[in-house]
Amino acid sequence: MKESNMDGLQTTATETEQQLEDMAKEMRLANDGLLEQDKGYFCDVRPHRVEPYKGIMESFANWARSQSLWILGFGTGCGAIELRPLMTSRFDMYRYGIQARPTPRQSCVFIIGGYASVKTLKRIVRSYEQMQGPKFVLGLGSCTVNGGMYWDSYNTINRIDQYIPVDVYIAGCMPRPEALLGGFIKLKQMIREGKCEGMNKYIDDFDWYKANQKQIIHDWNMPDYNW
Amino acid sequence: MTHIVLALGFLLVCIGFWGLMTRKEVFRLIISFSLLDTGVHVIMVGIGYVRTGTAPIFDEALAVAGAVGKVVDPVPSALVLTAIVIGLAVTALMLSFAIRLHASRGSLAVDDMKELKW
Amino acid sequence: MMKRLIIILALAAIALGFFPLAMRISGDSGLTALATHYVEAGADELGAANLVTSVVVSYRGLDTLGEVMVLFTATTGVTALLGAGKSKSHKKEKESERDGDGRREGSELLATGAAFLFPILVLFGIYIFLNGHLTPGGGFQGGVVLASAFLLLLFSDCRLELNHALLKGAEAISGAAYVAVGLLGLWLAGGFLDPRFLPAGEFGQLFSAGAIPIIYILIGIKVGSELTGIVDAMRRCS
Amino acid sequence: MVSPLYLIAMLLGAAFLHPLIQNRSKLAGQLVVLVVLGATVAIPLQWLMALDIATMQTVVFQTAGFTAPLSINLQVGVEESLFLVIINGGALFSALYFFRRRTREWEGSVQILLMTLVLGVNGLVLGRDLFNLFVFMEISSLSLYALVATTKTANSYEAGIKLMVAGGIASALFLIGVVFLYRMTGTLNLDDMIANKQLLDNKAGITALFLITASLLIELKPFPANGWGADVYQAADPGVSALTSGTSATAIFFVLYKITPLFGFELLQVVAASGGITFIFSQLLAYKQDSVRRMLGYSSIGQIGLLILVVALGSLYGEAFTTTMFGGIFLLVLLLGGNHLFSKAGLFWMSGITGQHSLGTMRQSKTVRLGPVGAALQGILTSALAGFPPFPAFWAKWIVITALLAFGSYWWASIILIGSLIEAAYLFKWFLNAVKSPVDPGTVHDEVIPEDFPEEPVKEPMAGASPAGIVARIARQSSGGWIAPFMATAVLVACGMLLATMFILRGRISGYRDMVLLLPLAVLVLWTVFDVIRVPFKLQIGLAIICSAGYGLVFLPGLDGIRLVFGLIFIAGSAVQMVPLLNRRGHHRGLAGMLLALVFSLGNLLFASSALEFFFSWELMTITSFFLVVRGRQASGAALRYLVFSLGGAFSILAGLFFGSSPLAALLLGIGFLVKMGTLGLHIWLPGAYAETDDDMSTFFSSVTSKAGLFMLFLLAGLFVQEAIPAGFAAGTRLESLLSGIAFTDLLGWLGVVTAFAGAFLALFKEDIKYTLAYSSMGQVGYMLLSFALMSQLGWMNSLYLAVTHLMFKGMLFVAISGVVYRTKTRLMYQMGGLITRMPITFFTVLIGIIAVSGVPPLTGFGAKWMLYTALIEKGWYLQAALAMFASGIAFLYLFRLIHVIFLGQLKDEHRTVTEAPIWMLIPQVVGIAGIMLYSMYPSLLLKPLEAAVAPFFETTISWDGYTVLSTLGYWNGTAVMYVTMGVFLVPLLWLLIVQRKNTQKVGQFNIVYAAERPYRPETTHFGYNFFAPYEKALGFLHKPLATRFWYRVVSVAEVAGSMVRKLYTGNIQTYALWIVIYTSILLSILQRGM
Amino acid sequence: MNEIMTKAWYTLISLFVITNYGLLLGGTMARVRAKVQGRIGQPVWQPYIDILKNNFKRTGIYHGVMFYLGPVFRLAGGLGTYLFIPAVYGSLVFSNFSFSGDLLLVMYFIFFGQLGMALGAGQSGHPYSPLGVSRGLAQMTAFEVPFALSVIAIAAQYQTLSITEIVAAQQGGILNWVAFTNPLAMVAGMISFLGMSMGNPFSVVIAPQEIPIGPPTEMQSSFLGMLQTNRAIFNGAKLVLFMNLYFGGATNIWIMVIKTFLIYLYTVIVDASFPRFRTDQSIRFFLGTPALIGIAAVVLQML
């Protein structure tokens, strides 16, 4: 390729090819955190914005989404203890169309259960990226807001929304299950109103989020976007 | 007379067998074998014996005419002649085997000849 | 002990098995038909006084030829077996000589006796096979006597080297000549090994019985040289 | 006509004069030997031309100018001439062997001894005078004694002394016997004695006769008085052993044969017993041997025992033997003796040339590995010895067994067959040890997990392609004594071809139908020529494909019904399955010819019109397929099992062919066919043979040859409808009357369904992909057997339907898998994974294949299931139906595993660059897919012809309504099912394509939810090993290889018997002598008691 | 042509009915289960919303062709299984495509969806998917045994394999049902039905946390929606099949609804009241007593 460039022959053809290549490269992620031989294992396509439907269609879709909130059964911090009572007959989250799913692929709500240690953050990012949009994040407890009692800890992050977009915060340490239900109802409202575009926000500010994440996570041995 | 000779022959044969099966040295085996062979020769000669017969050689004492009844059967004699020579040949060969065996193994004991079995 | 018992039992069984054989035969039953024919017509047909010789050399000539062959085979075998060790044993012999532990020299008595007896034995041997068709004896017997003469010689002088080429030559030529005589019989007379291609001559004389004496001479030479060869091979090897 | 006396005189003269010639020129001496020995072959040939063969003319030659009883006479007849040609031919080859070997053993004296030996044996064959025979016996014995010592080792001296003691005893006994016989009959002439046989009809006469017989028997090394014989074989030079076993023993045997007219009934029985015992025990002993030469020695002893047995039985049952074939018993003796002489001598020479000593160490050492020529020679010689067609022993075996069974002598027949089986086992074990690579573990175990895949075979330089090169190569290979086994092989092959022509055509050339049976042989010869002149391999295979297609075009139109169905399977199936071989690079000697011969022998099963023709083709199929299995890299254990089981089955068939239509025939034939099909209990050869064969040929075995047994079942179906135990037989006890109701079809049905279950179940736990498929084939054949056993229209249709479709889908699967193995260089499934992206077409093939195999609608497999269960329920075999359903469920498991573990899951690093299978491997796959799709869409295309094929046998129970086939129970419309399935498949697919049109991202193999972590290695992320662990935990007890264990037990019983028996041979000369005495005395007392 | 159009309409109606019925049944049963646990539970229409939401997902991923086709196979299997069963006896609309094949076809067509799903799950590359598949298939072969025996017993009893004829033979009163004429077959069949519906105690296949719901662990968005749709249809198909086999079938849609509801209720109650078996335990369970009962049923037919 290079040689033909230097010869100056077929300039136009090579230039268009070059442009196409560049475009493709733009769409690709660098995946610098990976070892060279590991790059082939992962998809390196850059995530892109997905526009909502227009009009009533989107409203209907949002209603359906709000009535069927599948949460990721992943307790990232101590607050996860408050998730369990939701399933019991006392609180019975199923009434609201809320279910727990064991895999991020099938979930649409991610509850950050309190403080997120550096180690957990990596998992949070991975799991969040593996959820299919539209996806919603509930920050549970004060720690997710500003670090709470761990604000000066060497090992926890203070503001979760610097790393992933958060839709609803539920303050408290710990917030009770009732508060959690309140948060869900708030989330439902917001979804119905079409305000929960965290997913697109994440894509829009992708580089910023990534930079923040990589600042904290040093052993970044995963692709830049976990499809 | 015939029976005595035959019995003697068979006895020799049996002694030969006995020797073959009990003596513990190759050289003695060869001797036993010779005994056995000799027994066989005795039997052969005994077979051809005719009572009051003489050697089937015509000379002054034995005329051609009327010799029948006076001579022993010449056929076994002829046979035994051949048999003896053959026995001799076998013995010679056996002896040379024994010599070679002794040279290579340094022993003629039968119990040392067990390299080959199974 | 057990083994002895088994051996005894086996031998007893064999002996018992032989019993009917021995019982069947008696000296009174006379000659067989074949023997009768030989006795009655043998002398006329072949002209040899010694009936056994007639049977051996002529009627059952093929046996005799085979017999010569057996002996020849044995000689070849012995030579093959012992000949290979020749050079080695020679060396050993020389070494042992140096060590003063060589083969014992034949005694004076033996040496003298051998020198005295050797020509007589040779002569006797020749006599025996020459007269094989007349008197008891024949090629084999003569040959053996010849060989014993050489054996005596070898005993008396341990350094004696026989002329192997001569021995071999004699062996080969006499054997081949025997076959040739047989073939002459086939071409000139009734069949293979038929001695009657030469005139029968006068009954009871030296030159009689057709080619029988010739055959016996050849056999005598052959047997003599072969046995000598065997003895010599064994001597040199051991 | 040349007088035999010249023969003798020439030998004598040459022997006498040889030392003189030798002294002049060594070369001249050697040439004299060769010329003289050549003349000894030429003269009997001249006699043969002069004699009238049809009347077995004999001419008597007198000596010394007198006639017989007076003098010694020689007899020249057809028998003597033929034997002399063989014996002297063997001796001539021996001389060539020694001559070309140029070892130090080849001295002048050895040359003389060789001539004296030949003289002795010629005398033995020609002589009619008992004492003269003794003299010649001594000549040959003495020559042998001396020859034994030619290796000049202490062992050879030891063996020589043992031999001489035994020989001495034998000659003593002979002498005693001869003189007593002379005394009693008054003659030494054999003819006179036979004329005066009545004189010997008393105790003494019998005893004297026995002494002679015993002496001859001892010379022929009877069990147990034969330890010295084995020692000799072990210690002597192989060339000498060849002479001992071939030339000398055959001649002495001929003497025994000559004096059999003297024997009475009792003596014949004793001789037969001795021969039989020797045969069977020698084979047992040989089986246990590690030393090649001792093993061959035992084999020789056994073969001579067999000859003795045959001669004795032949005289006992005279009429049965004489009526069967030309020449009667003599032909048998000639065939067996000649076959043994050349093949055994050839094998001895081979062992000498290649320096093979110990079976145990051969595998480790690389030096004795045989090249292609050596392997071919040893293979042919071994096959000849084991009695495969077309070699003489095969025909002899056929005649003997025919005659014995006709006479009702079942015990002897079974002893001969069992002994032959053991013999084949150890001979081929040796062969395998000699030809297989050191990588090959050679043990007989279930599953090989190869450490690393061996490299591609090194491409042979094609330098020797020019005529000069060929000549040079032949010359190079003929040095070192190769010429001798080569000549022996050539003689055997020529005789085999001749005999095959003679027996198959039987003088009639009524049309090409008879010639077709000989086609496999012609093919073997022709393709061997191709190999020699270096026709490229691809061309060879291409020609083979064309030839099989041509065969199909020419011969198949003449067939109809079931034969046509199987003809298409055998021929068309084979032609397609051969295509993948075109992918091979380099030269593969003998492969194409062997394969084509196999195809033709399979095809010939269709045309066999008599039992002999059938058996000929069957055995030819066995041996050619064995040589194909052997080619597998690690196939020696499997090949051996395959051979032994096939041969055992063939023997069972051979025996069964003579019982008419009795239950016994059904049992024996059934066992034979079931072995070929690999039903449970008889299946342990199957997985190895299918799996360890070269990958591109496994398909051939699994999808084509496994149907041979089924075909024969169909042909002889009438046999199996009867009851297993006839009603009249079982009138007695309650148990028997209970058993008497059981028909063979019931047994076959259960056997079939249990096989189907076991095949599926065993396939479940195999990590080796080819073993999985092999067991799968076993299971499928089980279904075919089950359907066959139903004996109903639907059952048979299903059996045929399965046979056809199994050819397509299992052929496809095996070819696809061979492509995978070819690319990935591994056979272990868990080492693969994710190959769908690399080999999409292959994946698709396998997908179609497994859907078809598992019987999931809408593909063809379901038709088989539908017919099977319908027929089963119609018949009332409910439990069988349930078990079959369970089996098909389990089949589904392993099939899923097959496709998942290979094609789905994680792609391994080393397979990233793997490409799609080569085009030649794709062609059969595409053909298979096309066939399956066609028959899935329109099942009636296949069902209607099958219905027609089965129509003559059963009442119609099914009817047609358009595309719907109606049974008495249900109905099935394959076409409609196909349309509905396509409909319900397309609707969701369209929906998905519309909804997921955009924004659906294809991701990488590690983009999976992994408990919020990432996978690090494909190996640790791929779930493939022990895939059905819970199943193993739940039902693993069924997985125990009970059948294998049973057969191991059988083998170890044989081995233990062998090792116990061989304790008799203490190596002590005196024990040997004792055995001789005991042997003699026991036989003597038996004989005398019998009087 | 007209006939085909009519058949197409009938098919659509039949499918529409069974889909809605299956979904509602699922929702109802979730509520029943909630009641057993002392909860109120989700709305009855929750399955509809879940399917809608999954189809409204904006993004999705797939791992390859088979992953894409897996749910299609699965749904095709469910649809096909249903379409080969005559849902309502004597009804033209609900006779579906039962003329294409008999009971054997239905039994084997069940595998079609299983296979497709397994393939799709396999291509996801997730180790837990094949783990679940392995468990599911292993368990399936085991519960097929009593079911097969029971089916054979019925086929032997009525000498037919046609579902329509089996139903026809059971008409004319409750005592003509297989459940009463051949109770052993019914028992064996109903026990294997527990395994087929994969509720407790045979739910180790989709153990939610151990192997995150097993085979479909990577399925999301419309793929998941499709699987859920199939779940409704396939459930309906199985219920209809068992109703036809053991409980006299249905002469109209309401009887079908009642009977299938009761049959499903039975599985749900068992599901709600039992703990879980390990795979090997359930294999041994099915091959034990239920298989023996099945054999007894078959043997009774042979006598």
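Should a chain be cited, it is by its letter among A, B, C, D and E, assigned in written order, with residues numbered from 1 in that chain.
In this section, contacts are C-beta pairs under 8 Å (C-beta built on N, C-alpha and C of every residue); 3 or more make two chains touch, one makes a residue touch a chain.
Given the structure is predicted, the values throughout are model-derived calculations rather than measurements.
Chain centres here are C-alpha means, and the one lying farthest from subunit B is A. Chain centres here are C-alpha means, and the one lying farthest from subunit D is A. A count of contacting C-beta pairs for C-D and for A-D identifies C-D as the more extensively joined pair. Every chain gets a centre from its CA atoms, and the centre nearest the mean of all protein CA atoms is that of D.
Once the centre of each chain is set as its mean CA position, subunit B and subunit E turn out to be 98 Å apart.
Annotation: 69 Å between the Cα-based centres of subunit A and subunit D.
A straight line joining the Cα centres of subunit A and subunit B is 112 Å long. Subunit B and subunit D have Cα centroids separated by 50 Å. Of all residues in subunit D, those that touch two or more other chains are 131, 135, 138, 142, 145-146, 149, 152, 176, 180, 182-183, 188, 999, 1001-1003, 1005-1007, 1009, 1074, 1077.
Counting only residues that touch two or more partner chains, subunit A has 50, 103, 105, 227. The set of subunit C residues that touch two or more partner chains comprises 7, 11, 14, 18, 21, 25, 32, 34-35, 38, 59-60, 63, 66-67, 70, 73-74, 77-78, 81.
If you check each pair of chains against the touch rule, the ones that pass are A-D, A-E, B-C, B-D, C-D, D-E. Within the complex, the subunit E residues that touch subunit D are 55, 58-66, 68-69, 71-73, 75-76, 79-80, 83-84, 97, 99-105, 108-109, 111-112, 114-115, 118-119, 122-128, 130-131, 133-135, 137-138, 140-142, 144-145, 148-149, 152-153, 155-156, 159-162, 212, 217-218, 221-223, 226, 278-281, 283-284, 287, 294-295, 298-299, 301-302. Subunit A contributes residues 37-38, 40-45, 50, 74, 103-105, 123-124, 126-127, 130, 221-223, 226-227 to its touches with subunit D in the complex.
Within the complex formed with subunit B, the subunit C residues making contact are 4, 7, 11, 14-15, 18, 21-22, 25-28, 30-32, 34-36, 38-40, 42-44, 49-52, 54-56, 59-60, 63-64, 66-67, 70-71, 73-75, 77-78, 81-82, 85, 134-136, 138, 140, 203-204, 223, 230, 233-234, 237-238.
In the complex of the two chains, the subunit C residues touching subunit D come out as 3, 6-7, 10-11, 13-14, 16-18, 20-21, 23-25, 32-35, 37-38, 45, 58-63, 65-67, 69-70, 72-74, 76-81, 83-84, 165, 168-169, 171-173, 175-176, 178-180, 182-183, 185-186, 189-196. Against subunit C, the residues of subunit B that register as touching in their complex are 1-3, 6-7, 10, 13-14, 17-18, 21-22, 46-51, 55-59, 64, 67-69, 71, 73-75, 77-79, 81-82, 85-86, 88-90, 92-93, 95-97, 99-100, 103.
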